[in-house]
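Before anything else, here is the set of structures, which you'll find just below.
In the two assemblies presented below, subunit A is common to both, partnered first by subunit B and then by subunit C.
And then the complex of A and B:
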């Protein structure tokens, strides 16, 4: 399993840090590390309840090998910021759009990821599909995502069907003055 | 009451399950294919299930209250569209009896509440009374299949039955009724 650090110096390097703005926002961690699929699967399992529904995956019904295979198939990028996991998957039908996932309510790592995707990967549209009641909804709301729909009974978990809330944001709506994607060279 | 948890089978579990596949009662009661399989082949087969066979077969590890491995459950004949599968068990010798029934219930519960299976097919060889008494087997079997399996030098008759959502609901109702009756008896004794 591999963790690499995202730097903004080049697209192939890997640490996004936000030391300059860390004092301006309440954030548990602003150092984001990219995980390979095997490491991402292990962290998703460790995330327990918060990992269920992340990019449509579920560690309760999928073993680590299947999680890793699905992440690879989707060309997902998964990042770790402290205990928080963040993910993005390109929309194959609209390469400028990415599906985004998160496992906690902390908005700052999410804002950094969105900035990275905007600035370095040319994404200008972001969609999040969040299980109803998930804590990460607060992070999306803080980053300028708007609720655009509800998929009724979209997923089955713990013996019941559950709604999934669809959020959307466009490039420019999530950025704040404090959170331009700063870089550690 | 102690609980049993169900988790995904991992590579770390392979040695324990391989030893179980070679255990004498397991071979008589389920299958004895491990007698003629090399260790490497048994390991490779289980790794293949973990890594590649998610759509057709899954193995789960049954754990006790201290996360100790009690045994394994595995599903085969999976029909995702019809939401049915066949469920099998192998409990480690030291935990047979005490944890057996709870482990069976935990596995059924997982299949229903997380994998959304509606009908679970059970199969037990007639002579195997490790998890079900002979009377219970005879009472719940729906299909009796002579010459179903050949294990440890003998042809075995097999019993098949299904567990449906109605069965689970009725079981829960019976359990709740029993619980209420016991609670009322205790209350009556205290007030007497």
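And then the complex of A and C:
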């Protein structure tokens, strides 16, 4: 398992200074590290409930080998910021769009990931599919995502079907003092 | 109309002049001749259920989740068989719900490609999400929608 530091977008200050994050959960991370699929699967398993629905995966019902294989098949990039996991999968039909996932309500690591994808990988459109009621929805809202739909009965958990909320954001809505300056598309 | 499993002799049905990844892949009007045909791969393992309507179309159930009992549905219809689209879609839904015992089917629809939305509604699909810039078509990012059908009863 391999972890590499995402040096292009490293948090050096744990104090949130921008207005957009004033009401957000205080960030506890100091850097973001890229995980290979095997390490990502292990961290997803450790995340337990928070990892359920991450990029459409479920570490409770899927074993590590399957999680790693699915992440590789999707060409997912997974990052760890403290206890938080962040993920990105390219849209194969629209190279400027990525599907995003997170495991906690902390917006600052998410904002850094979005800035990294914008400035380094030329993504300018972001989609998140979040289980209804998941804590990470607050992070997406803080980063400028808006709801664009509801997928009915998309998940099955705890004996019942659950909806999944679809969010979307465009580049330029998530910049903060701590993240890289988004480039114009 | 019946669906059956994919055989190697069905390979010619796996590509055609439609928009890639669509719930209802139909020939696109005004498609430039230089554009490569859309295609799906033959199945390599049990991760995808690839079915064939002989001589008409492929019907692909991918992103299968056997816990949530859901699948993404993709259909590619050959140009000479577009009159069969309504029956084919209903057959695909019935196959997903009653043969594969799935609870939910969903797929991506690009309105700019002018799909027959009424046919989707008649087969039990509803528009569930509209994602800006979800597809690339004719040199621009265009909206893409997610349509879903849920089995009741």
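Quick note on the criterion: the second predicted complex is superposed on the first by the 159 of 185 C-alpha atoms of A that agree within 3 Å, B and C clash if a C-alpha of one lies under 4 Å from a C-alpha of the other, contacts with A are read in each partner's own complex, and residues count from 1 in each chain.
Note that contacts are C-beta pairs under 8 Å (C-beta built on N, C-alpha and C of every residue); 3 or more make two chains touch, one makes a residue touch a chain.
Note that the structure is predicted; figures quoted are calculated from it, not measured.
In the superposed model, A:63 lies in contact with subunit B only, and not with subunit C.
Looking at the superposed arrangement, the partner reaching more residues of subunit A, out of subunit B and subunit C, is C.
In the overlay built on the shared chain, the residue A:170 is in contact with subunit C alone; subunit B does not reach it. In the superposed pair of complexes, A:125 makes contact with subunit C only, with no contact to subunit B. By the touch criterion stated above, A:93 is placed in contact with subunit C alone, subunit B being left untouched. After overlaying the two complexes on the shared chain, residue contacts for A:156 are found with subunit B and with subunit C alike.
Of the two partner chains, subunit C is the only one that A:148 touches; subunit B does not reach it. Within subunit A, the residues touching subunit B in one complex and subunit C in the other are 61, 156. Remark: subunit A residues 60-66, 156-159 touch subunit B in the complex. Residues 56, 58, 61, 91-97, 124-125, 127, 148-156, 161, 166, 168, 170 of subunit A touch subunit C in their complex.
Of all residues in subunit C, those touching subunit A in their complex are 20-21, 63, 65, 67-70, 103-104, 106, 108, 126, 128-136, 141, 144, 146, 148, 150.
Against subunit A, the residues of subunit B that register as touching in their complex are 8-10, 50-52, 54, 58, 112-116.
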